[in-house]
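Look for chain A in each of the two complexes below; its partner is chain B in the first and chain C in the second.
Now for the complex of A and B:
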């Protein structure tokens, strides 16, 4: 491939190629692009839009004729008269801040440390990425045997040092969110590390060498040369962090015992499933919560799309 | 990129410490190894603890506590977990979901990425945005209408005994493909932009139809990207349990990740047994990861604005 890449004027986009496509070519492209496009519109975008519609209704989820239009009632209720809502928002914000301030920078740091010719780099990568390979169910059980108040590792170690402590890590509403965040950060750092490693390989090493020649130390090189040059990757990392924080569900669900939201661990995603999956389902209510989550997500998605595709549109 | 990183003060001492042009000597590598090694060990610690727990019989830990030296070690928990929870059956369910979903996602995403990156159609950017943004939507936003939709779509009896997309493995496969295509399209289109257009143009001049360009030229060139994406997608799809929780009614159709609950007794839970079961469910993704590891980083192309 390298020999081809050196061919002169590799950016010849001049002739419009679509004109030369025969009918067979057009049929092939229509089919292979049409199928995923239809699936996407039908299974992803249509439900997303339908959720917006349902959020203005009152529905028990049983028969379609029971759907009643209630306007903004659900939203009004949620903001004024739904006790778990504001705690859930606070927890989502705490989740985002924690993830953005600790595991994400740590993952970037690890990627930068591993992106050089040192021995065992693959061993380190594998070890730190390992939590991502495991399923969240597995992760949930692993942390359960660490956090368990009676038999868990953590309390075992603590009581070996000083007796009389019995901490219910996952039950105490003041503690459990942080206990879950440690488990989530454990996974997140590895994910960010892998993404950033992938991004770093697109970085021109000559820039780093130039900075080193100019006498910049490792930290300066990273902060002033590598980081600015990797802006597209930084945006992806940022979006992944925001989206993972907003969508956080599985790990809380598993560590909360699989029964929906628990005091101290309410999150928007859990409130949604509380309302739509439970025995008495309030579809309209759950959908309104989903739309609130959607609007916040769209802000993040919008920033990402704007930054990523602005160039290509020109 | 134009930012020069050098504070003027440090420039003066450079020639003293290093000859310009000489390769930078790796210094303090031991310190770095100690740091990375301890981080790696810390990261593996919860997993090692689970392994240690799973190797000990329940009676041993009940008598001596979990934080103790083992009095006997064995694989009894693993074989118990394997037989008690009906694991082979659920493993098979996971295979039936994951393999078609990963292959379908990669094939369709490659087609869309090929379309977007190799041709200059007017709607390309819109198409790419639609796919990428679709993958970023929270699953909880989709679930209620999707559930109703699945109840409305009939399937022939040879595809599902529920006669509906609801409560069938096909439904899970479809939503995985539709949802995951976005991420793969994004990564693959970035990757394909690095393929020189001359290659496919040469094929076009030779009179090769587009499908042959796609299958015989572009796809083989994307092999590293496929390896990376196959790893990630296998991990995500195999490990997912949200869709199957909401869209599958019958317990014995669920994938392995949701079957772990079968190990939790109604009155009594044996953590050692659960640890063993949990560790076994992780084996397939670990195998995929190790098999494709070599190309994992090199094939992942994100955020390169090389186009």
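Now for the complex of A and C:
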């Protein structure tokens, strides 16, 4: 029934608006919508579709006549005969779980504490947000110095406490991913904090007062009142976390040293660049890897869009 | 529709539109920038100008190339327009660079990759240049400068050897002898460990995994000879071959003597530990000298050829990567570019270059060697006495294969040096992807 009632209303709204638009406005609208649309098609969708097409071929990137159709061979090779692929998938999943379970809740926690008008809150905010201002590549360089096996800060502290201990933070394949995750989490927590703080600023304090009057303690207030009320921010944070985990690249690229992933630090994004950038490129193979990552990302975005639109329909 | 309710949509007046139009204009300009920049290269079709793409963007090589080009400009009345790009960036973008509008003459390396681009038609043959400069070069160098079709494509400038470097004072202090055979070498390493040194300096952290190739190449060359090594590098033999297994086995004998925590250390820090006398030896190239700032220290550094393993091969091969120049496929100023290449192949150009950058050795036999330091003199002798010259793992093979398969594999293996069968199987599984017809 509701659809019957809303239909004429929306059409009448469209009608009144179209009467307000002159030909100049239409032209303006066409230009304003058309140019970004063209840019989007040209710079996003065309390369994406080209990648999908190329993923079924074998190409060294030199002359167009060298493109050979190989069907699903690239995918078959990647899934069955590409040693770094499954470790990369595992590391991407580890990245996602780690980021979602530690730095993200920690960022929320920081935001919640800083929102309570403690002294010097601005100073804390700035300090915690600072790493976010730096590019991940720069963060990588900073942590490279901290993790240096001979002159690094961390090993310096460790050897001061107990001499003779020497930990190869970035060289040990069982350790280096976690070392990198600490570095990226250091930055991620600040980002989440700012996002959540912005949400908390728009939060109606009356709700908190009401909860307090009903006898809720701090934890209950946060879990039962604040968290549900900030659902839009939560979704954004979730999406940001998933996206950051999937596109994780630059910090590992810096700490792992460019082309040729380090054992223990393989990631899907790195495998793509391994195959495409460099002196001898395997465009088709790299594209197939990129398509796999694209599908995973699309699934994540799809869930997000589905969630948002469902809410708007209601 | 929450967004709309917060910001009511009211088209009022042109001011807002102007702002948007302005922004669009800026956006379009930003989008067009790369395209415009790409066009820049095409502008120079001046018969008086030769363009030169150089990977020497660091201070020392930049100055050295400038000395060479300035001399050529004075000589020939031609102008050389140098386009210097960071070394790694140049290397990584070489394919797109050569297909676009490359400079007339560009810097590159001898070996497999030079032949690859020659085969793909991305470089022009320069046999007529070699008619004039050929007399100054040895047969081994001439071989290095030819493509698979037998034509010349490359003009060498300098090379530098890989060897086992050490400090004379450290060897004197402990009474060490120069090892010439494998058993002497392993015994020396063992003794160094007893004496509290890190026997073999090692650092392959970050982007330095390539440094491991030095040891791998030499072990394979000494144990299995030049011919097998080259077939292995060119993907003509299975990596699971018994001979490759033996190379890994030999390597395993010395891994206990490697400096610890090497996976997170840069090669510069490893070199520093040798210079500080904390490590005993290092398998490295003459570029180690770039780490030396104190000239008295430089006099204390020496090297010996990697020890013999199989007497059938002795120490007959020296790994000496050669850098030089190529001619792009459609040079805008063909005559000028060839004149420039002739000059680059002359003894005079090498002398000018080496005068500024002394961490290399000139290739032209006519080059003046009187200003060489002791290390350079010894390097030149080592290379001159070699029966075969190799170019280093990532230059003798497909660089993608080496950097994305072999190097990560070796790093992983060095972390837990076992019999290597898993490592070799892993490498072999990827071989066909890189070496097809």
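The rule is simple: the second predicted complex is superposed on the first by the 292 of 314 C-alpha atoms of A that agree within 3 Å, B and C clash if a C-alpha of one lies under 4 Å from a C-alpha of the other, contacts with A are read in each partner's own complex, and residues count from 1 in each chain.
Rule of thumb we're sticking to: contacts are C-beta pairs under 8 Å (C-beta built on N, C-alpha and C of every residue); 3 or more make two chains touch, one makes a residue touch a chain.
The model shown is predicted, which means the values in this text are computed figures rather than measured ones.
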Which superposed partner A:32 touches (first chain B, second chain C, both, neither): both
First (chain B), second (chain C), both or neither touched by A:285: second
First, second, both or neither for A:123, with chain B first and chain C second: first
Touching partner for A:77 - first (chain B), second (chain C), both, neither: second
Of chain B and chain C, the chain that contacts the larger number of chain A residues: B
Touching partner for A:172 - first (chain B), second (chain C), both, neither: second
Touching partner for A:148 - first (chain B), second (chain C), both, neither: both
Chain A positions touched by chain B in one structure and by chain C in the second: 25, 28, 32, 35, 39, 61, 144, 148, 151, 258, 277, 312
Residues on chain A engaged by chain C in the complex (per definition of touch): 25, 28, 31-32, 35, 39, 60-63, 77, 81-84, 144, 147-151, 166-173, 176, 255-263, 274-275, 277-282, 285, 312
Chain C residues touching chain A - in the complex, by the definition given at the top: 1, 11, 17, 20, 24, 27-28, 31, 88, 91-92, 94-96, 99, 113, 116, 120, 122, 205-209, 260-265, 269, 273, 398-401, 403-404, 407-408, 411-412, 415, 426, 429-430, 433-434
Chain A contact footprint on chain B (complex, rising order): 1, 3-7, 10-11, 13-14, 20-21, 24, 26, 29, 32-33, 35-37, 39-41, 43-44, 46-47, 49-50, 53, 61, 65-67, 108-109, 111-112, 115, 118-121, 125, 127-134, 136-146, 148-149, 174-175, 177-179, 181-182, 195-199, 201, 204, 209-211, 214, 221, 228, 235, 238-239, 241-242, 245-246, 257-258, 260-261, 271, 274-275, 278-279, 281-282, 285-286, 289, 293, 296-298, 300-307
